[in-house]
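Sharing a structure with you now.
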Amino acid sequence: MKRIAIFPGSFDPFTVGHEEIVKRALPLFDKIIIAVGYNSVKHGFFTPEQRINWIAEVFKNEPKIETASYTGLTVDFCKEKNAKYILRGLRTAADFEYERAVGQMNREIYDEIETVFLLTSPQYSMVSSTIVREILRYGGDVSKFIPQGIDGYKDL
Amino acid sequence: MKRIAIFPGSFDPFTVGHEEIVKRALPLFDKIIIAVGYNSVKHGFFTPEQRINWIAEVFKNEPKIETASYTGLTVDFCKEKNAKYILRGLRTAADFEYERAVGQMNREIYDEIETVFLLTSPQYSMVSSTIVREILRYGGDVSKFIPQGIDGYKDL
Amino acid sequence: MKRIAIFPGSFDPFTVGHEEIVKRALPLFDKIIIAVGYNSVKHGFFTPEQRINWIAEVFKNEPKIETASYTGLTVDFCKEKNAKYILRGLRTAADFEYERAVGQMNREIYDEIETVFLLTSPQYSMVSSTIVREILRYGGDVSKFIPQGIDGYKDL
Amino acid sequence: MKRIAIFPGSFDPFTVGHEEIVKRALPLFDKIIIAVGYNSVKHGFFTPEQRINWIAEVFKNEPKIETASYTGLTVDFCKEKNAKYILRGLRTAADFEYERAVGQMNREIYDEIETVFLLTSPQYSMVSSTIVREILRYGGDVSKFIPQGIDGYKDL
Amino acid sequence: MKRIAIFPGSFDPFTVGHEEIVKRALPLFDKIIIAVGYNSVKHGFFTPEQRINWIAEVFKNEPKIETASYTGLTVDFCKEKNAKYILRGLRTAADFEYERAVGQMNREIYDEIETVFLLTSPQYSMVSSTIVREILRYGGDVSKFIPQGIDGYKDL
Amino acid sequence: MKRIAIFPGSFDPFTVGHEEIVKRALPLFDKIIIAVGYNSVKHGFFTPEQRINWIAEVFKNEPKIETASYTGLTVDFCKEKNAKYILRGLRTAADFEYERAVGQMNREIYDEIETVFLLTSPQYSMVSSTIVREILRYGGDVSKFIPQGIDGYKDL
């Protein structure tokens, strides 16, 4: 059976920290679906389309990676895609406590799902989409926090 | 002197985790007032009336339990009810740090108040009203996270 | 039924932080047994007898407080004393994580036991028996960290 | 070269906890600029002008302290003021994890900046602007959490 | 290429928490080597041989699982076994901080190694070898914390 | 008045993480005394003399840095050296909780002392003397974790 993982997030925007987790997880799975979760009520900084296009651009030469967007519960999207794994990166103890609650809840709802965690590398441990947006808002340079191949954000 | 405790929260909605803390705390107190704190500005998912009615239904056979709603500072409500104890459940280290600040602040304001903490049982440690609302929003099944006897939320 | 609590610890030595938790917990219980847990292999800084005598001296005018020593599992001692509550103070998030594991384990072993936590007051949050012993070892003055009425440690 | 530090924050309002950190940091720096960061979109509880006036009043006799307001990235404001240090107080582990991400990010953006942390004293560890605003909203007394010399908030 | 993982630990003794992590990780790997790390200086509660025999007994019908013992650095043992993955379970934020340091250090020493984390299930989150040994020391019953199939510890 | 800081630790051995904190703190102080604390009972991996010699070698061209060893309470050594500051690096939330207790205790004992914290850089956040000793014990290569100029440890 193929090992399919969902890498869910809002990715608003996708950062070098996200990119690294996906690349390091590639040997572990047969397919990774990077899934932009969006919310029809709360609008993001970038549109779901922009976010997906940028992610697709980053991994265009990687056949094991797909991109998608979804709304609703992550576990429902996993079922739809026949994915048994959710991939997440861990940076801090606060991250961990949040991820534990979500991961345990996901198993309560769908007991075949397994969340697999990798450690974010130290040099990316301070990068978050929230801080990147904050820098963008004030016209700062975020190029070192965004994967190479993404540059549409520069038109802001 | 009677040992009266307030169990304050937004309870939006009341979960099996809340229910368990109240039940386990019952032998320790002579009366527990489950108090729905609400805010006239921020609207909840359920109305304060719905929340109180559901809680009252859960504990309708328990004479030591009262339900109430309040707005304003929790310590002011404690004084009004002549309660010297605030009851709270603890799930995570993040919970603890938040509760410590609130508990110490409450003693700064009203030095006769004591916050008493019980540990949430492991099997409920991932349940939170926030996650339950999230599941409800997307039409998921939350029946295992809500006390038996509450089912009005199914009409959503 | 009487509400009997065990306040277990090594109390090597008993500090102002311990004293405060006991005093604040008094109205909640009908009896509190301060129980010095010792280990026949690892020797403490003070003997169990010294520790118990000092604690007894501090609370000599408080009829609801007893002192005792025990070896073995805390829950076994609770059964022996017919105590349904274990009292503990919480200072830090690290304390909490340790206490949660112990408290949940105690319930796994003996499901009628309930651990009740109070918050250590901010001014005592840095006091620990470990640091007090460290200061004593180097001849420092610990009088502000030890309850009034205890002074045998000065003969060191 | 003069040691200039920025003490940035929203200070909505400035508390006794903030005041203490500044006073204790004074011997370490030649100048401390207390800088009210504001956001043209999100409105605070008090206006930036009120906040600055109150801070200036508290430190009116302290020649090493300046007050300012800024919008945009803190590191850009540091460059503008020729400040190489950012001063911050630490209360809790959650504070620390947040401050670490911000501090490391600031060095990624501007590698000459150094964040210097002092520990908030235990007696102020539960004071936060958020809780003070909450008490003010419900007409509670916050005078013990606000520095002497500030009283304009009483006109609310 | 086969996905080989090492599940390292002192396993003194192997608990139901360890057992669960291995079982849940099985679909993710082609082989899992449960490796008892020992130290020629510090003696454990059980001998490495006892620990390995018990683990082998638990998984005797699982062809993808091997058992081994090692001394020295875990990454050196990984190289010897041609394993690119280290498997670990996460229970608490304190666990996480420790595991992060070890995991990042392992990558510093051997950059082809990847640590993969799964969440311990809530019902096992309080189980640790340390607490099990403590209970054994005082003659308590640990049968619910030890995998079925292991019972040699009862001869203590 | 000169700003004199003590950088206390066991430094068994001194790592690149320690080196970085001292270098980054240099502009903030007029003198930094790197002080090897030792304990006449517990023997370290390296002798206090080895540790001091290595530290002195690393900073031999830095006139603002002195090295020393001490036994006893750190605050007593600060008084002896007329130092009003203790310098410490922070890596993790667990570090922080420990450092907070020690720092607050030091102020309880000697209220003129101030602990100043800097953040360890992400790339050194996993380095600790404990892990370095562990690698040395098994003959691993620690050269990237030890400052340039120290190489006596290679003779082990």
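We just call them A, B, C, D, E and F in the order they show up, numbering each chain from 1.
The rule we apply is simple: a contact is a pair of C-beta atoms (placed from the backbone, for glycine too) under 8 Å apart; a residue touches a chain by one contact, two chains touch by 3 or more.
Just so you know, these numbers come straight off a predicted model, no measurement behind them.
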Required steps from chain C to chain F (each step between touching chains, minimum): 1
Those chains which touch chain E and also touch chain C: B, F
From chain C, the most remote chain by mean C-alpha position: A
Interface composition of copies chain E and chain F: same or different, split at half: different
Chain B and chain F: spacing of chain centres that average the CA atoms, whole Å: 47
Distance between chain centroids, defined by C-alpha means - chain A, chain E (Å): 30
Between chain D and chain A, distance of the C-alpha-averaged centres to the nearest whole Å: 34
Multi-partner residues of chain D (at least 2 other chains): 92-94, 97, 100, 104, 122, 125-126
Every chain pair meeting the contact rule: A-B, A-D, A-E, A-F, B-C, B-D, B-E, C-D, C-E, C-F, D-F, E-F
Partner chain F, residues of chain D touching it in the complex: 1, 3, 24, 27-28, 84-85, 90, 93, 96-97, 100, 103-104, 107, 114-119, 121-122
Of chain F, residues touching chain E in the complex: 92-94, 125-128, 131, 134-135, 138-141, 144-145
For the chain E and chain B complex, residues of the former touching the latter: 92-93, 122-123, 125-126
Chain D-touching residues of chain B, taken from the complex the two chains share: 71-73, 76, 93-94, 97-98, 100-102, 104-105, 108-109
